[in-house]
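What follows is a pair of complexes built around chain A, which joins chain B in one and chain C in the other.
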Partner chain A sequence: MGPGETRLAPADGPLLAGLDRIADWARANSLWPLFFGLSCCFIEQATAFTSRYDLGRFGAEVLRGSPRQADLLVVSGTIFKKIAPVVLRLYEQMSEPRWVVSMGSCANTGGMYDAYSVVQGVDQLLPVDVYVPGCPPRPEALMHGLTVLQKKIRAKERPARPILGLAGGSQGSTGPVLADGRTKDRDPRGTGYAGTRLRGSSVTPPGFAGNRAELMWTPPAAIYEPEEGEKRLARELAERFGTAVRPVSPTSDMPIFEVSPERLAEVLGHLKTESAPRYRRLEDLTAVDESARRERSGYPDFHLVYTLTSLDTAGQVRLKVPLHGDRPAAPSITGLWPAANWYEREVYDMFGIGFTGHPNLTRLLMPAGWQGHPLLKSHPHRATDMAAFTPEDARAAEPPAANAILGREVEPGGMVLNIGPHHYSTHGIVRFVLALDGEEIRDVGTEIGFHHRAAEKIAEHQSWHQFLPYTDRVDYLSGAANNLSYLTALETLTGTAVPERAQVIRVMLCELFRLSNHLLWFGTFVQDLGMMSAVFYAFREREMIMDVVELITGARLHPAWFRLGGLAADLPEGWRAAVDEIVRVFPGRIDEYESLFTKNPIFKARTQGIGVLSTDEALDWGVTGPNLRACGVSWDLRRNRPYGAYPAVDFELATSQGGDAYARYLVRLQEMRQSVRIIAQAADMMPEGRVKSADCRYGLPDKAAALTDIESLIHHFVHATRGPAVPRGEAYAATEAPRGEQGYYLVSDGLTCAYRLHVRSPGYANLQILPMLCRGHMLADFVAILGSLDYVMPDIDR
Partner chain B sequence: MSLWLAGLALLLVKIGLVLFVVLTGAAYLVLAERKLLARFQLRLGPNRAGPLGIWQPLADALKLLMKEDTVPAGADRPLFLAAPAMSAATAMLIFAVVPFGDSLTIAGRPVPLVVADVSVGLLFVLALSSIGVYGVVLGGWASNSSFSLLGAIRGGAQMISYELPLALSLAPVVMLAGSFSLVDIVSAQAGCPFIVKQPAAFLIFCVSALAESKRLPFDLPEAENELMAGYHTEYSGMRFGLYFVGEYVNMIALGCLVAVFFLGGWRGPLLPPFVWLMLKAALVPLVLIWVRATLPRLRFDQLMHSSWKVLTPLALANILVTGGLMAALG
Partner chain C sequence: MEMQSVDHALQSSPWEPGIFGLAVFGAVVLGLLGGLLFLSARLTPGRDSAVKQTPYECGLVPAGSARLRHPAGFYLVAMFFLLFDVEAVYIFSWAVAFDASPASFWRMAFFILMLLAGLAYVWRKGGLEWGLGKRG
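Our next item is the complex of A and B:
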């Protein structure tokens, strides 16, 4: 019993009261957590186990993979409607007594995700003992949560009677499960706002009728000047396909052609195999519901959008296919690009658009029983606009059968093994179904969508600035690198120039996050192979980086620190010393990691020749990032389509041969060394000057200037309240994020929110190839391959 | 009659003492492992329950005892309930034949410091480790869960495969000592511990014993990254605790066996015999913990290869060489 705690007065005699105290003491000191994490918060939860924080001091480091052996469920992350049945089931599988800590805003209330796919708080499903606030809470906050729970156990529980099988007493979580809208306020702002309207809801999606931004004049979108080769391509397409291919002009980012659905497959085939230049990679495939356009008559009902990339010229081209009707269909291009499989399924799932000839056109992200197609303009945005989610809903949502995920029956004598949606090696919530013959893998089925946070729909009702914090959480391990992808697209569309100093700082921050991401990957990858200590070494360095990130941006995981046209603020005093320390210490630490693994015979036996990806497969399936470079392809957007300050820094492209798990390991370690080099150069060259564009037509002006200058004040007021109106148009831009090419496709209808925003995520393409890599390998290799791919679920499910 | 009674009383005292020492040792070995792992991982480890965390094992044991004992629907109930005990009991029974010192003389009678000096003590030890497999296999099978089943299959195959080199590596020890009794084997090392004469056998025994103990890099039956908790996935409360106890008692037992077979048992200068034995027996658990903090895990087929293609042939060759040398040197 700690100081200041008051115990319940004993209701029983000294024997039972004594047993109460002994049991409470033992349980408070031996809270073994379930190995369980949903989203970003889990990263901070995991950090709480590492050296700086060491939850082990409280006897709570014995993470259990099996719910039977766990005492504590830390719900760290967003509760999705698709994962809720799993959370409930895991809780029910835990042996009594059990306690629940709700970690982070999402688990507490849904947080910033008042979106159709998200349950607005785990207390609608389970009793909660302790809430830990924050987005994400720091590791210290979780430690505090743990000690609060210990106090609660010691002061408020009388377990002797239940232990002895007598009536009465109390143990474990007993709090009530709340009912959304009845015992809990549905207002996303919390209690006390009843009767007042949500801010911004006077102009509501999808139409935003009466939006005052319409009254403001904005210049047209930036105009892209096609290169000579692209002009030739336009002529070539016109000759060959006539009126079936119509060039769109002007554009902001790349040549765009409108293609009639009948000739689509032909045109794509021509671009892939015959045209000059050849567009080898299907970069992205998505759709836009055009039904809420303000000038409706100029648009079809839907546009399908295909983005192709040429690996010869690094150029890109976009094809748009107009579709009409409620549930239109287009030909599937899975024959041309097998990678189109998931993309087409997603479009079907989100828009209800059919694809004739698709091998398995079923829902991809949403649960099987979902009503409607979420990215249709008519679908509700917010969870609070929909019926409340209850434990009964969770129980009714049975997960699909393993054979349905696998896409076939398992042969007699074979075994089906479900890995996930929650498992040590899934690195997030994703379900794999393995068809095994003994320990050998015959086939793998993947079910994604458990982490669908509806980021793309949220963009359609948050202002262009407000959406920035959502980008941090798309790939929650890459922090500021997400900001950059989004802003690069937005700056392309608006034609905003970024000052040099801001560009260099952006590069420095992105490379710090690349280091931090690769460190986490390294630690968890070798842990997947059974080496349990290296993750602690990696987190030691990761904390150094988090300290610098925090010094500069004020946050750890999710800085949301870049701004349209620059940064939120300049570098703080003392940044140089902190960055120099990393540059000084880091290379030695990478040597240390290498000494543990690079020549370790067990490590080599576990990774060499495992999960081999050929160069052709990698290109066909749109694999990017370190996974692509491990196949010997020297392709990196920082080099091949440079953006920001990258042309000014000198670094080597890390590549390796073989395309196996070992090669992917080598590439990432080499990339860490190069990142340190880039950081050092960025710090050395750091130019003087502004960190925010002087042009504040779209970007926020300097706060200081807003206090003295009326123009700045007006812009500040407009941009900070309803936000800037971005000119009608569209742009796509990708950057080399830590785990591959992350692109943002933005469509504006001239309003203060995106008309459509789509994230081309590297993990999506990288994970889709999994079955190919695994067939014929053993169960343990599956874990090694998964780890070597380095994906993160919100980046895939968005 | 009184002599018989006194003998029985003495035996019970010996068993009680040994169990107390072994179980306390196992509990504190868990703490030692958590503290050492923490140190290997730049952390402190448990230090809140009592000064320096010394009551941590007590808290864990009490908690496990008072936790719900879940039996999943569809499990084979009798087997499910019994299997953990087989793991723990077989590990503890090994201590019946471990000599803790030379004979004491009490009231003019010699009292051997061993619970039972069985003439085939070495075979008894091997037999127990074979029976220990059942705890894993039956527990995993009875759970009616995919992960448990895979863990059980792995455990069965792995432990049976490594019995072979384990037993074969001990054949030269028996040849040198001329006896299966652990007491005689210790006596035979009065001049020189067998590790000097049989370094190869020592290494083979250690590796095989590591595999028998199902710890990293050989922890495939419970490989958490692949099988969540492997064969004991469905166990909760003290039944899971028994597997835990079995594992750590087994580590101490292996330490004692290495000491007895290769390091001269309780023999050593200055310190009392029991202290020597404990010091030597502590070596193996410490190395096991160190290895666990350092190495990645092998894959199933690689594990099998190393037993059948490397260790077993080596152990056989070692027997031949030892026999040949013994014959040549008379």
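Our next item is the complex of A and C:
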């Protein structure tokens, strides 16, 4: 027992009290955590097990893969309504006595995610012993939580009586399961604010009460000047399709055409195969519910939005299809682009829009029994606006049977193997159903949506600035790179110019995160192949990067450090030495990794020729990032559609041939080398000057200026409270995030919040190809293929 | 010479098997096992529920049955490996006790020939075919 701890006064004699002490001592020092992670927090939990933090010192180092062998559940991350039945079942299957540590704001209270898909705290489902605050908590915070739990076991538990079969005594979690709204407060305003309006709700559609956007003058949205080829395309479409294709102008980011639903498939086919330039890739497909527009008469009920990309000119075009009625339908384009499969299912799931001719139009993200379509303006957005979620709800919401995920019955003699949602090698909560013939994979079914955090709905209720921290959490391993995708779209829409210094710092940060992301991928991928060592090296180097990121931004995983028009702050003193150290050390470390694996015959046998993706398939399915470049396609947004300071840095595009798991490995290793080069150049060229745009029409002014002149103070106050009103319009921009092209599609109705925000995430397109890559391979190859794709679930489920 | 020194070492061991040693060993083993079983039975509350009794299946309710006809390819390869591996025990013990007589040599040669014939049979029947596209 440590100093300052007080035991309960022993009511029993010395024999029982002594046995209490022995049992408590043994239990406190040998806790067995379940290998269980939900979201961002788990990254910090896993980090706590690595050499720098060495959680083993506290006797809780061996993560158990099965709940039978575990007695400690660290709930690290967001509890989604879709995963709640799984969490509950795992807890009930754990051995007893058992304990629960709730790690991070989401598990504690729902955190930032007061959203329809999120349970507002795990204590509504399970008794919780210790709450660890933070978003995410640092590894040290988890250690502290663990020591608090140890103290609790030693000081509060008296297991001698139950062990000996006597009445009385206590052991394990005994805390009550809380009932939302009855035994715990569900008012998001907090105590004492009951008279105020709910933040976010009052100023957004369909309410609008208290919205002051009309009082704020804003210039019109930025205007895009079409290129010569795009003007020709507009004429070509007008000649060929007449009034069925109507150009929209002005636009802010790319040419937009409004297409009637009847001619849609025809127009898309033309753009894919015949037009000049050809638009080879379906970049994104989504919808907008137009029913809450302030000028309602100018809009249909819905718009379907198709964004296409030409790989020849790097140009893009957007088609908008107006739809009318409560539950309209449009033709499916899965015949043209197979990638449309998931996109159309998601639109059906979120908006209730049907697609005629779709092979399997079922819900994709929401659980099968969900009532309503969440992205309709009429659907509640907060969990606290909906009925409280109880353990009974969790038990009733059982995920569908394996055959339903597979979409068919398995032939006689075949075997169905379920992997996930809680599994070592799924890298997050996702479920795969494999149809096996012996050890050969015949088919794969995927169920996603367990990690649906409702980011797109939240954006409609948070001011443009407030949404920034949510972007960090979309791809929680890529930190600030997420900020850049969102801000690039927002800066395109508002026409905000970013000072040079800020652009270079942004590039430096993004490349640091690319390094950190690829390191984590490298460690876990090699571990998936059964080789333990890499993950320890990878986390050692990753901590170096985390330290630099923390020095510069003050945070590790989720910096939220970029701002509209620049950055939150300038670089701190001492940044140069820290960055130089990474640039000095890293190339040698990458050599080390390569010497371990690149020519390793076992590694090669496990990856070469495994999960081969052809170039045509990659383009048809919208695969981006290292997975695309491993097919020999030299395409990288940093080079082909440069943004920020990338035109000023020199780097080689990492490509490889073959499109197999080995090629994907080679590309990522090469990219790490190039990232180090870019970081070195950025540090060398670092220009002087402002780090925030001087134009603070939309962006926050310098805090220092806000304290000295009234104009800046007013802008600061307005932008930090109600937020800037962004002019009516829309823009899409994508950046080359570590996993591929991450794009943000923003629609503004002239308000202080987005009217609609959609994330085009690389993992979504990259994971959809999984069944194709796996058919005909052995079961053991499945894990290698899965690891080689490098996805992260919040990026897919958003 | 090598062989003899091994024999010598064996002969010079001071240990002689006796009933007392066996009894002590047995008591320690039984005591340890009994103690562990007793502790694990007493230390856990041992509450049962329907959920706890269901097999662990990645957090879901298991569907279907584990009793299905599974292609036996991998099982066969593993079985053959075991069979041929066990025979090495006979060959090693024969080698240790080898007295250099022709009769002894021919006996083992016959044994190995029989094994080879068995291996050839298994090979020809396709028992070692295992992998993609090969239904074992």
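Operating definition for what follows: the second predicted complex is superposed on the first by the 769 of 798 C-alpha atoms of A that agree within 3 Å, B and C clash if a C-alpha of one lies under 4 Å from a C-alpha of the other, contacts with A are read in each partner's own complex, and residues count from 1 in each chain.
We take it that a contact is a pair of C-beta atoms (placed from the backbone, for glycine too) under 8 Å apart; a residue touches a chain by one contact, two chains touch by 3 or more.
Quick caveat, the model's predicted, so the values are computed rather than measured.
Peer 1: Pick one for A:Thr50: touches chain B only (first), chain C only (second), both, or neither.
Peer 2: First partner only.
Peer 1: Pick one for A:Ile163: touches chain B only (first), chain C only (second), both, or neither.
Peer 2: both
Peer 1: Who does A:Ser66 touch here: chain B (first), chain C (second), both, or neither?
Peer 2: both
Peer 1: Per the contact definition in the header, classify A:Glu439: touching chain B only (first), chain C only (second), both, or neither.
Peer 2: Both partners, chain B and chain C.
Peer 1: Counting residues of chain A in contact, which comes out ahead: chain B or chain C?
Peer 2: Larger number of chain A residues touched: B.
Peer 1: With both complexes overlaid on chain A, does A:Asp528 touch chain B (first), chain C (second), both or neither?
Peer 2: The answer is first: A:Asp528 touches chain B but not chain C.
Peer 1: Who does A:His270 touch here: chain B (first), chain C (second), both, or neither?
Peer 2: Touch status of A:His270: no partner.
Peer 1: Does the superposition put A:Ser95 against chain B (first), chain C (second), both, or neither?
Peer 2: Both partners, chain B and chain C.
Peer 1: In the superposed arrangement, which partner chain does A:Gly420 touch: chain B (first), chain C (second), both, or neither?
Peer 2: Touch status of A:Gly420: second partner only.
Peer 1: After superposition on the shared chain, which partner residues are touched by A:Arg668: those of chain B (first), chain C (second), both, or neither?
Peer 2: neither
Peer 1: Would you tell me the residues on chain A in contact with chain B in one complex that are also in contact with chain C in the other?
Peer 2: Comparing the two interfaces on chain A, one with chain B and one with chain C, the shared residues are 23, 66, 68, 95-97, 159, 163, 415-416, 418, 423, 439, 778.
Peer 1: In their shared complex, at which residues does chain A touch chain C?
Peer 2: 23, 66-68, 85-87, 89-90, 92-93, 95-97, 159, 162-165, 171-172, 398-399, 401-403, 413, 415-416, 418-423, 431, 437-440, 776-778
Peer 1: Given the complex with chain B, which residues does chain A contribute to the contact?
Peer 2: Going through chain A, the ones touching chain B are 22-23, 25-27, 29-30, 35, 50-51, 54, 56-59, 61-62, 64-66, 68-69, 71, 95-97, 159, 163, 415-418, 423-425, 439, 526-533, 536-537, 540, 597, 600, 602-603, 605-606, 778-783.
Peer 1: Going by the contact rule at the top, pick out the chain C residues touching chain A in the complex.
Peer 2: The touching residues are 42-47, 49, 51-52, 54, 56-61, 63-64, 68-71, 73-74, 131-133, 135-136.
Peer 1: So in the complex, which bits of chain B are touching chain A?
Peer 2: Those in contact with chain A are residues 34, 37-38, 40-49, 53, 55-56, 58-64, 66-70, 146-147, 150, 216-217, 219-220, 223-226, 228-229, 232-237, 240, 292-302.
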